[in-house]
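Just below sit the structures, each encoded as structure tokens.
Consider the two complexes below, in which chain A is the common component and chain B and chain C are the respective partners.
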Partner chain A sequence: MKKIGKTFKIGGDVVIRDVYTIAGPKEAEGPLKDKFDMVIDDDLWGEDSWEKCELKLQKTAAENLKNRNNLLNSNIDLLISGDLLNQITSSTYAARDLELPYIGVYGACSTMTLTMGLGAMIIDGGFAENVICVTSSHFCSAERQFRLPLEMGGQRHASAQWTVTGSAAVWLSNSGQGPKIKHVTFGKIVDLGVKDANNMGAAMAPAAYSSLNQHLKDTAIDYDLIVTGDLGTVGKAIVNKMFNEDNNSIESKYDDCGTIIYDIEKQDVHAGGSGCGCSATVFGSFLYKKLLNNEIKNLLFTATGALHSTTASLQGESIPGIAHCLGIEM
Partner chain B sequence: MKKIGKTFKIGGDVVIRDVYTIAGPKEAEGPLKDKFDMVIDDDLWGEDSWEKCELKLQKTAAENLKNRNNLLNSNIDLLISGDLLNQITSSTYAARDLELPYIGVYGACSTMTLTMGLGAMIIDGGFAENVICVTSSHFCSAERQFRLPLEMGGQRHASAQWTVTGSAAVWLSNSGQGPKIKHVTFGKIVDLGVKDANNMGAAMAPAAYSSLNQHLKDTAIDYDLIVTGDLGTVGKAIVNKMFNEDNNSIESKYDDCGTIIYDIEKQDVHAGGSGCGCSATVFGSFLYKKLLNNEIKNLLFTATGALHSTTASLQGESIPGIAHCLGIEM
Partner chain C sequence: MKYNKDNYQKLVDEFTPKNKMLRNCIMAFIIGGAICVVGEIINDSFVAWLGISDDEASPMTSVVLVGLSALLTGLGWYDKLGKIGGAGTVVPITGFANSVVSPALEHKREGFILGTAANIFKLAGPVLVFGYLASFIAGLLSMAFK
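Take a look at the complex of A and B:
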């Protein structure tokens, strides 16, 4: 069994060969502005709805990834993708145009590591040579689905996060050079009763803590960098507090994608970034390059998701959190 | 590479050890009435919403499967599940209570074979000994999410299908006796432009034809029985027509879960059954037992999904179809 504790062990080569990132206008004003492969100028990008813009983000990220690497559909075994929208329509309609065998997943903002973890296991299991993993989010489509009409101009909560407009497409392969996925830990649901959809960081932090703890206990690897996505300032502080209370501080080497993508003071994003596109674009534009450039030799990348729905919230349910970890080594 | 054409080959043992099924009151009046493991008396089952009833279906199916087989959480490596509701909340809230590492997928009514195909590859890849795959649907929660308020009492279209209230939990294992998953074909999206959410059979049939064709071409296996789920009478007729036009009729050994689960004439279900719970409960209560009892030696089981959303439909999009095939042998 390729497993230690609850963590799956990738014995062979699963190389992250390339990542293509596209970011929205607000993201392009943040600290990572020069690092994205492509930036769009407005929230519609020539489409007539935010949802159609979002599926175009996914489709373009995947197509540009293929083109940059001379990948043909005949070389690609599977497309694994997901997003925040009901029935993951950004992923599905992008998959329609990409014409690849398609696995759709739902993990809310944990989708990037969920798709990459699955892809790594399918490649290491001997089933595939090349897998494309894609995810996206869009501030406007997410706000109108999960919260309130943007046209209303409601005041945002201090603990609210700003859904990233962006997408990343990842090429996983059983050959070639680049950072390798070595360990995968799929999380359990953790739900400590937070019901406030404007405080996702607090809802997801205990799940992040649980999966990180499990992964670190199972692998006993001393990671150069541990990054969650997307807890924001509120959730990041809770994770630090939980580890500190264990006398097992990770603070000196821990960061969160939701706090990396924006200049939190200047960009008026309150607690930071969120959405599937947050950890996806931060990984592709920033963390992946740190590995490639040997600035770090290994990375524990843990995307986090809040798996509620508006219906469940209206029926009084709390917000279930989840976090999936990837141990990546250069 | 464990792959022939586009079909993944499961070389080792992936045994379908047991399936636990729960059906709703209408399903319990149909032809399979004596075959379900459990039947619920009304659409709420003691809960205060249909959505909470649906998650209880999933949770109970999984727990009863575990209890019947003396399975403990410590023996189970993964839970893979999905459903029709926004953000797959039935699956997520059931997973919260089941306390297992959780992979959520979205494949609409194709979910049963999507989860089982992934589970089979993860086991055959050497990562897991035991995986639980679960899906569900509920007539009332699906109608209010995708179509119209039930309280309105709108007239149903002749081509409309009736969403099955029910759930099935499947135990996949790398050891033991029972039917084995030998081949997995994940489908591509096929969308010929159908926009009528009251004619899902027509929207999904071309995807079913595409995946079936791919699987039969790749494996060249002469299956005793080929079953799609859930095309209903309209979609089933289209699939037969498409194969007949190829001079490659499958009619004599082909059936559809949507036409098996109800007495279509007497139960006023128009074109037949649909929903993730349709193929799931028909597989568990009927097809699986045919394999176990050696009535058939192999089965091509192909769940089909219509991957639209209400938002995409309102924005003028057509309905993308998908179908995932499992080749199962006794």
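Take a look at the complex of A and C:
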């Protein structure tokens, strides 16, 4: 059994060979501005709809990742991708042009670690040598699907988060040099009854706590850095409080991508960033490079997702949260 | 985990920032009031300069305000005003126009009939439904007590 508790142990080599990131204009004004591989100037990027722009983000990220590494489709066994839109529109339509065997997954904002976790297990199981994992989100397409029209005048709640426009493509391989995925913990859905779609961080925080706790208990690894996907300021504070109450503080080495990607004071993003692209672009542009540069030896990367649907929310359902952990070591 | 559905909301409330109510109220008063002042100026101008009667000037003012709001929505300025003014930009008739034009713009890429036309009252629909309902009830009451 390659399993300890609820955590899958990756016995062989699953190397994160390269990550290609593309970010939107607002993200490019944030603290990570010089770190993205590519930045787009406007929300449409020459397309005639936001949805088409988002699929172009995914397609371009995957193609540029391939080109940078001289990867040919004949070398790639599998494409695993997902996004926020209904029927995972961006992923499917990007996959149509990428012409690779394709698994589409929905994990809301937890998609980056969900796809990478699945890819790692498939490689470790000997079914593939090279897998590409892609995800994306787009502020305008997400707002439109989950909230209100963009031009509608109104105020955002102080706890609301800002969906990141961006995409990342990750190349996982069974050979080569780079940070390796060593452990994968897929989270269970945790729902403590939060119904406020303007407070996603609070809705997802219990799931993040649950998965992190499970992973740390199973592996007993002392990570240099623990990073969650998009809990924002509210969710991050709740996770810290939960661990503190267990007398197991992680505060000194814990951060959240939603608070890393934007300058929260200056950029008027309220509680921080969110969306699949949030954890994906922060991982690719910032965390992955910390590992490569040996600034940290290991990283517990945990993307978090709110798996609600607008229909279920209107029918009075609360927001089911999820978090998937990847233990990555250099 | 010591938290469950009964006690978690208390923890959430502890960390959830509050909206700035007082500031929002003051800004709503100023921006909403300013929109009404603009309406008054238009109304009085119709009466004073164009010699239009008070009764006719009022609906004409509404038409102008709706047109202005639609224009500002199209230019992407009304949502910026709404961000500052909050309810002050929602309550006046300009807010209603904004709630009609914004989904119309957003859905134009799905075609004129199934996109724009089908979604144009997505936000304003409930306002219309309850407006009609209220006028129906008022009509019944006025018939009963005539």
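To be clear about the criterion, the second predicted complex is superposed on the first by the 330 of 330 C-alpha atoms of A that agree within 3 Å, B and C clash if a C-alpha of one lies under 4 Å from a C-alpha of the other, contacts with A are read in each partner's own complex, and residues count from 1 in each chain.
Convention: a residue touches a chain if its C-beta (ideal position, glycine included) is under 8 Å from a C-beta of that chain, and two chains touch if they have at least 3 such contacts.
All values reported here derive from a predicted model rather than from experimental measurement.
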item	value
First, second, both or neither for A:Val234, with chain B first and chain C second	second
Partner chain(s) touched by A:Ser49 [first = chain B, second = chain C, both, neither]	both
Between chain B and chain C, more extensive residue contact with chain A	B
Which of chain B and chain C A:Asn293 touches, first, second, both or neither	neither
Which of chain B and chain C A:Thr89 touches, first, second, both or neither	first
Partner chain in contact with A:Ala158 - chain B first, chain C second, else both or neither	second
Partner chain in contact with A:Glu245 - chain B first, chain C second, else both or neither	second
Which superposed partner A:Pro206 touches (first chain B, second chain C, both, neither)	second
Chain C-contacting residues of chain A that also contact chain B	48-49
Interface residues, chain C side, partner chain A - complex	1-5, 8-9, 11-12, 15-20, 24, 73-74, 76, 78-83, 85-86, 89-90, 95, 98-99, 101-103, 105-106, 109, 122-123
Contacting residues of chain B [partner chain A, same complex]	1-3, 6, 8, 48-49, 51-52, 77-78, 82, 85-89, 92-93, 95-96, 99-108, 114, 118, 121-122, 124-129, 145, 185-189, 191, 307-312, 315, 317, 320, 322
For the chain A and chain C complex, residues of the former touching the latter	48-49, 144, 148-159, 192-194, 199, 202, 206, 209-210, 213, 233-234, 237-238, 241-242, 245, 270-271
